[in-house]
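Should a chain be cited, it is by its letter among A, B, C and D, assigned in written order, with residues numbered from 1 in that chain.
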């Protein structure tokens, strides 16, 4: 319901993974109802069905890259919009039932992506341990707590939930890795411009030729709108036909972004608006120019054109 | 006075030159008052001062190129706008007081540009004649009529005015040469879109770098507006700083042209609107897409953006 | 060893998954030695260490998107090159120990990506079955063969390996889905141009601004080289700084591709060449123009320039 | 004859005009033979026929714009190349047979372009004088010396040649106006790069669409070559089909300019090289980057490509 802040949240489960940790950084969610979903499609379907007000799902990992299933759902499923982004550091810990020396560890449970992100650390500190693939970071913590494995790679929240002893923290090979989550809701007016926003789009081009993509980029460039992300994503039909996921600086309510979007609408096979929302500033470089300055330039040029059309030359 | 059709015309004289011939193709001028001016600045100043309603001056010659003084006046003088273009074939005749054989012609009076445009013909037909420079095509006709020269290169109108015998017609080396004239008036609302219009601009860029010009061209390209003419013209300050004269397809009242102009306004040091007027179709290739189609595309994209901003996703 | 065809292959295991199925389409691998690896990094490290001649790893899925870990390894690890691409249809079957009616199926084992790709089919045909996440398509087949689950989503090769009865085939929701694999080897001269090749690059740009990306695309566009894929991928440092993975039509040995690469080298922070190899044609649209035609254009323009520099104007 | 410095010069006459004044700034011409020509075509034909080694002709005027006949000859006549540019200030003086008060001046002889460039001065200082059009600045000086007119607008050289008293100097309305001349010779190897050169081209494009011109500009932009002048010039066939005269920074012997020219050759209907020659520095802004730096970048990228093609990855 427009105007009513969301109180029922769903996130990519299980409990004790990064998604829950990210969701807890949103005050309304920390106070509200939070339910885990088994998959991204399940989480988003809960929102579509009205069973939840918003879903928190991962979209991009500074190590693992795009989260394909989320992009696919946003581009192809029943329309939803991103209303907020949450960026949290990728922090892994090595947890165990109790204190144990590294050279006594024979088995480490880990989700395959977590293992990949801690590969160098594992080789340097527990070179002889067998790394056992499990289905999620939370499953790893559960397995270690149950004594099935000597240790587990898990997220800090998961370790504390299961009462594990943290043998080592910050064990990811890239110390600055982050994961980017999107809070997704049913369509409605976007939050008001904050002065430093991101707009996400899914753009379908008719041809996979450089000329078509160049034309898309020119629509942004001529309006002074910066692209911060671009990803070709297979359409699911055949390789070589793509949808592009684009993030640009600015809010759909701003003149320059609005004009760029209209330009895309005219030249692309299809454009799907995926939301305008405040940038999670701490994790990015300096902000783009403020809304007011650019909007004033557009207002000035519109007034000038009106004078010309009226024959009122200076 | 807006709404009152022009009746007092001035043209680049003297009488009997191409400018008068071009002016006579405009019905209102054929019926109205027509006065020759000694120079382009004098003709335009007559309009600025209110002594004439409109001036017909040359802007471009398919052989001789741009008419610098006209461009300079339009770009730098008190603002005026082009309301109509007239394109007439460059047709020269060789006239004399009476019938005379080519090999009896010892002297030919000609304006230097006319002589240049008929150089090959002169060499082939009257190779032994001395070509004498005179101040205008009309002066040449007068001189031949007075018997000062055996013959004169003149325009058809000039030959008939002075009662000359036409010894040869269509003697220009480029048989398809044309001259383009502009009918210039005091600022006022442009004539309504005709479906096939030209818009003329003078654009000042801050830097003479390719990047700045590329940015100007991109403003047109992204809106699907074709450029039909581009000329860098020295600003009169120092070489290397230029104003660009641009002609594009379309009318300032159309959405795509209006949006492109607004874009130029935002990125250029200055933009001067020089008029939107019907293209003189017979002398160009196929027409650009009709106004209505492009405007419908812009209206559709504006409506789509409005729905997005309202949160009303399809 | 250059000149010696590869005979020892490694692939992303376990046995009975798409990677093994894809590897078997390469004649040298079908006859040679094939070993599964536990992960993409492990497979590539085997090649780097000389324990294998080539590794087959997934790079892109027409449903799930980019395979982040493969891109990360190619962009950041010790250099390797792609020498061949293999594209195979994503075909899933529902397998069981023996014939069983759909409504008698209570549990289905499936890798989470496989489950996502068959979601609609599962909902329509076995709506009451519990889908149990397992670690791989091969694990699912093993579990069904052992009777742990009533059925399993697996790949055709995996079902036949485990002697499963195929209850339904082609159960993926996107019937045309494909997965693209790369055969990766230690650096060496690329295979000769085939007339329809792909060149893969990892390009680092200094700024994440649209202008920098536009400049990259222009390097391709001016040489008439088509981009077939573009993906920004986080550099692992912080979100907002990206490496771009680009696939273009053509071979590094061709003039137009060579000149475009040199241009990138001059304007980008870094460019890593990832290989030139024949396009897996059956899965793409019409081929790009043949090598010889474009190379002839470049040779003609080089000869023309040489004449100009020598003062030998036509 | 290559290697032999030119000694026989021709210039746009008559004597005592700007062209002669400009020619005298070239040391070889000041010492050599100098002959006036009646027109630009005549001057250039003298070079083509071998009757002169080089011709000095005007190409551009910071007030009057392009000199159409020169451009037309260079683009369409038998090939010639520019080997040097000369830029001189446009300086007009008012000369008379002897001292005379301004208010006693009743007639002023002037070439129409000179009168246009001094219009404001004439209005302010000799408002009542009749300005009489004559054929050239030299003719004006001759007429004043002969007593036909009370005064004449002429160039300093012309006034001193005819022994006129200079009543006022620097009377041009634009005090910084300059005229740019080209020294034109028969084709031969261009002078060696000076580190700050200009390259002139005539470029024919198949279509008059913005896309075609954008493509031309992109060829320069991607190689970091600055355009300093661009002019569409009618081809003499029909309005709307143009040849573009382009000046860019750099020398045809430099890698970046050479590569840009090759690109134009591939995409344009025709390209005519009009010369690489040292920039007349005093009249322009800061120099472009030196030759050596850019050439080193191109050499580096060529070496890098050669390593890649050999399979020698870093």
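Here is the rule we use: a residue touches a chain if its C-beta (ideal position, glycine included) is under 8 Å from a C-beta of that chain, and two chains touch if they have at least 3 such contacts.
Bear in mind that the values here come from a model prediction, so they are computed numbers and not experimental data.
A.B. asks: Please find the path from chain A to chain C through touching chains that uses the fewest steps, and give that number.
C.D. replies: Each step joins two touching chains, and the minimum needed here is 1.
A.B. asks: What whole-Å value do you get for the distance between chain B and chain D if each is reduced to the mean of its CA atoms?
C.D. replies: So the centroids are 24 Å from each other.
A.B. asks: Per the centroid of Cα atoms for each chain, what is the distance between chain A and chain B, given in Å?
C.D. replies: Each chain reduced to its C-alpha mean, chain A and chain B end up 57 Å apart.
A.B. asks: I'd like to verify one number: the distance from the centre of chain B to the centre of chain C, where each centre is the average of its C-alpha atoms, in whole angstrom.
C.D. replies: Their C-alpha centroids are separated by 59 Å.
A.B. asks: Note the residues in chain A that touch 2 or more other chains, in rising order.
C.D. replies: 218, 221
A.B. asks: Can the chain contact pattern be summarised as a line, a ring, a star, a complete graph, or none of these (other)?
C.D. replies: Topology of touching chains reads as a ring, each chain with two neighbours.
A.B. asks: Under the stated touch criterion, can you name all the chain pairs that qualify?
C.D. replies: Contact pairs between chains: A-B, A-C, B-D, C-D.
A.B. asks: Note which residues of chain D are touching chain C in the complex, please.
C.D. replies: Residue positions touching the partner: 2, 79, 81, 187-190, 215, 218-219, 221-224, 252-253, 258-259, 261-263, 265-266, 273, 297-298, 300-302, 304-305, 308-314.
A.B. asks: Which stretch or stretches of chain D touch chain B in the complex?
C.D. replies: 38-39, 41, 60-66, 68-69, 71-72, 87, 112-113, 115-116, 119, 133-135, 174, 176-178, 180, 208-211, 213-214, 217-218, 220-221, 225-240, 242, 244, 248, 283-285
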